[in-house]
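In what follows, subunit A forms one complex with subunit B and a second complex with subunit C.
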Partner chain A sequence: MSDTSVLSPVAKTGTVANEDQIIDWLRQYIGDVLALPEDEIDIDASFQQLGLDSSAAVGMTGDLADWLGRDIDAAAAYDHPTIRGLAKALVS
Partner chain B sequence: MTLSTPHTGASAEAIQHHYDVGNQFYALWLDPGMTYSSALWYYDSESLEAAQRNKQDWHLDRAGLDNAERLLDVGCGWGGLMRRALERKPDCHCTGLTLSEAQAAYINRLSAPNIEVRLESWADHQPDEPYDGIVSVGAFEHFARLDQSVADKIAGYRQFFEFCRRNLRAGGQLSLQTISYENASRSQFSQFFANDIFPESDLPHLAEIAEACRGIFEIVELRNDRHHYANTLRHWQKNLRAHKDEALALVGEAKYRDYEKYLALMVVAFHTGTMNLSRLALRRLPESTPFTSAR
Partner chain C sequence: MQDAETLTPAEALRAPGIETPASAPPAEAERPKMKRTVENRQLKRIQHIHTVVMTVAGLGGLISAICLHFLVQPVSAAALGIFGLFFFSVGMGLTIGYHRHFTHRSYKAPTALRVLLGILGSMAGQGPIVFWTALHRMHHEMADKPGDPHSPNLHGEGLVNKVRGIWHAYIGWTVQHEVPNANFYSRDLLADAPIMWVNKRYYLWIALGLALPALLGLALTGTAYGALEGLLWGGLIRMFALHNVIWWITSFAHVFGSRDYQSRDLSTNNFWLALPTLGESWHNNHHAFPRAAILSLHWWQIDISGGVVAILEKLGIVSEVCRVSAEDKQKRQANPSRH
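Then we have the complex of A and B:
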């Protein structure tokens, strides 16, 4: 998986992020994984439509949990299958 | 795979690839009884250890432990189920089969009376006397391989059920627990699982189990408990993370990441229903067949 420390200097210590920040993190992350420019990543498209496979999805969830410094259920990206939906669920 | 045992699934080497990563590593994240299969919760508030005991008791009851003098555990893991059997019925004699040297060594070191562990496949096991009950939890997943045809796979499962009938007294019961395909097929089996985690193994579909035991065993009870496995895996994930430093020291970064990913993918599979966790109580059918009419 990608090196999340590049994305946030507070990756190891945990951070309090709002919905927009989580959206930005996910866009950057997915752009990095799929080698796509960020502005081509539709935050309302499903992770599957974007091209993430199961391994990439659980990797993303794990790296996001590390960045936020909290537990996120491994199946979160399945219950909330878009960038916007997942970000919303994590701040609600 | 050798010619003498054409249908027994994964080889000893493949089993050891997964289970011989090290007892200490598994001890970091399994429950104290070292139970490496789905637990069974009656109440959400129960601990993993209590839920593993529920699971063991569910199977032991269905294998008829209360009236058993001889019990066989096919794929006995680290022996937790046999130890539970002896807690409940100390005079029962338990035989456990495993292909993992690490597991066999672990059980032998405990030197528990009335437990005999054999480093042997069920296909090679030839007991002197029949058993009163047979339990097999989390072994059936290794009884077929992805490169087999479906017909060969079912024939292999059928050999297992024939083995059980041959070595079970009349009316004896078999209690079985296995991961199964639910809303997925073998063609979708992840390459990561196939190559890195469980080499040489394929999962059954419930219909294949039913077909394979037809005319040999009748299915008395069936529970599909995928949410229980998802829950079990979440406990393991939490334990593994809590012991990350020790785990890294034991197995290194790459293996740690593999297991982290494997547990997460399994949570997803059970949560979304691509895989299920099936528990079946099966009763040996009589060998008699209906009389045919002379007229």
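Then we have the complex of A and C:
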């Protein structure tokens, strides 16, 4: 479906993004949604605390899965509700 | 400014009706991409089950009340009064809260009123604020085209298909629709702390919307039976009634009635629904001028919700109320010969 050439070069299908790259992506994404500078986004705060409701967190996980070019478990954002936690879980 | 050709597909598709923050940084190649809908079967199922539970509970309340009316004792005036009070209050939460303020930002209101409207709207059991606004913005963006969560006009020609379309737009859609991505459609609300406080407590507000009419029934009659009647009429039946009111709009107001103004869709105006829909049935006016807080464009077009906004404005409580100018009205007048 999605043309991987429009995705970020660091995460073409088959290229595994590392934890820091996923953290950066999540910060950018949430910063974009909430109109906040990325450095104001605490990577240890829960998605709820940051301002996403649960459906928004699931929507974000779906967009992250598209970027990474792989499936992410639907419950990932519930099980690992912080930027750091989710990124860690996805590379382990 | 950036060239349309350099846009990625996701950016090029970005909702025209939804404002992206003016401060959005110039496209870095690596800006995270967003889809319009969330492809997550589990989330979709939860939302569809939610609708079924709310609908069945409402219908169950109605059937119970009818049985009590015939088998125990006729419905009391207190119960009907409680119904009216909660129909109006929760209805305002939907029309001037969820719809005109949260979805379309058609006027500015102080935080206390916004929170109150958010709580009242939540009591309707039609989903939390973020979900409802995201879905409704998606409806406006795609109205009567593929991707519209509830269009009656996508089922083909002929009477049978028309009826199928109306059925879909009335109730079928509630268990079929795609789940909108709130990050795409409702980012302004996700960044709105007091509203997210309300959003998070959605089920509490539903419970409150059932408890308050029951308590009022108890207070008015001093009997447990009065409390039960309050619960049924001010809670469950009111919920069922408002669900149906919304469904009249999603279905009938894109099929029957007149198209007085040019809009990108098949929305219609219906005088006969104006009172029970609290003014929302001026739906063609609404689609032609989505940011208008007052949908009445002629003196005879009764819009109770718009009237409430006008009163709140007179009292100095709300401000920056969007109105349709005479010039815009003139410009978008549909050609009468097209009817």
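For the reader, a short list of remarks on this structure follows.
FYI, the second predicted complex is superposed on the first by the 78 of 92 C-alpha atoms of A that agree within 3 Å, B and C clash if a C-alpha of one lies under 4 Å from a C-alpha of the other, contacts with A are read in each partner's own complex, and residues count from 1 in each chain.
The rule we apply is simple: contacts are C-beta pairs under 8 Å (C-beta built on N, C-alpha and C of every residue); 3 or more make two chains touch, one makes a residue touch a chain.
Remember, it's a predicted structure, so these values are computed and weren't measured experimentally.
Placing subunit B and subunit C on a common subunit A by superposition gives a clash between them. When the shared chain is aligned, subunit B and subunit C each come close enough to touch A:59. Of the two partner chains placed around the shared chain by superposition, subunit C is the only one that A:35 touches, whereas subunit B remains out of contact.
Look at A:47: by the touch rule set out above, it reaches neither subunit B nor subunit C.
Look at A:78: by the touch rule set out above, it reaches subunit B but stays clear of subunit C. Annotation for subunit A, partner touching more residues between subunit B and subunit C: C. In this superposition on chain A, the options for subunit C are 5-13, 59-67 or 77-85, and subunit B clashes with just 59-67. For the contact definition in use here, the residues of subunit A common to its subunit B contact set and its subunit C contact set are 55, 58-59, 61-62, 74-75.
Residues of subunit A touching subunit C in their complex: 3, 6-10, 25, 28-29, 32-36, 48, 51-53, 55-56, 58-63, 66-67, 74-75. Listed in rising order, the residues of subunit C touching subunit A in the complex are 8-10, 21, 23-24, 29-35, 38-43, 128, 130-131, 179, 181-184, 186-187, 190-191, 193, 196, 199-200. Interface residues of subunit A facing subunit B in the complex, by the touch rule stated above, are 54-55, 57-59, 61-62, 71, 73-75, 78-79. By the touch rule above, subunit B contacts subunit A in their complex via residues 190, 192, 230, 233-234, 237-238, 260-261, 263-265, 267-268, 271-272.
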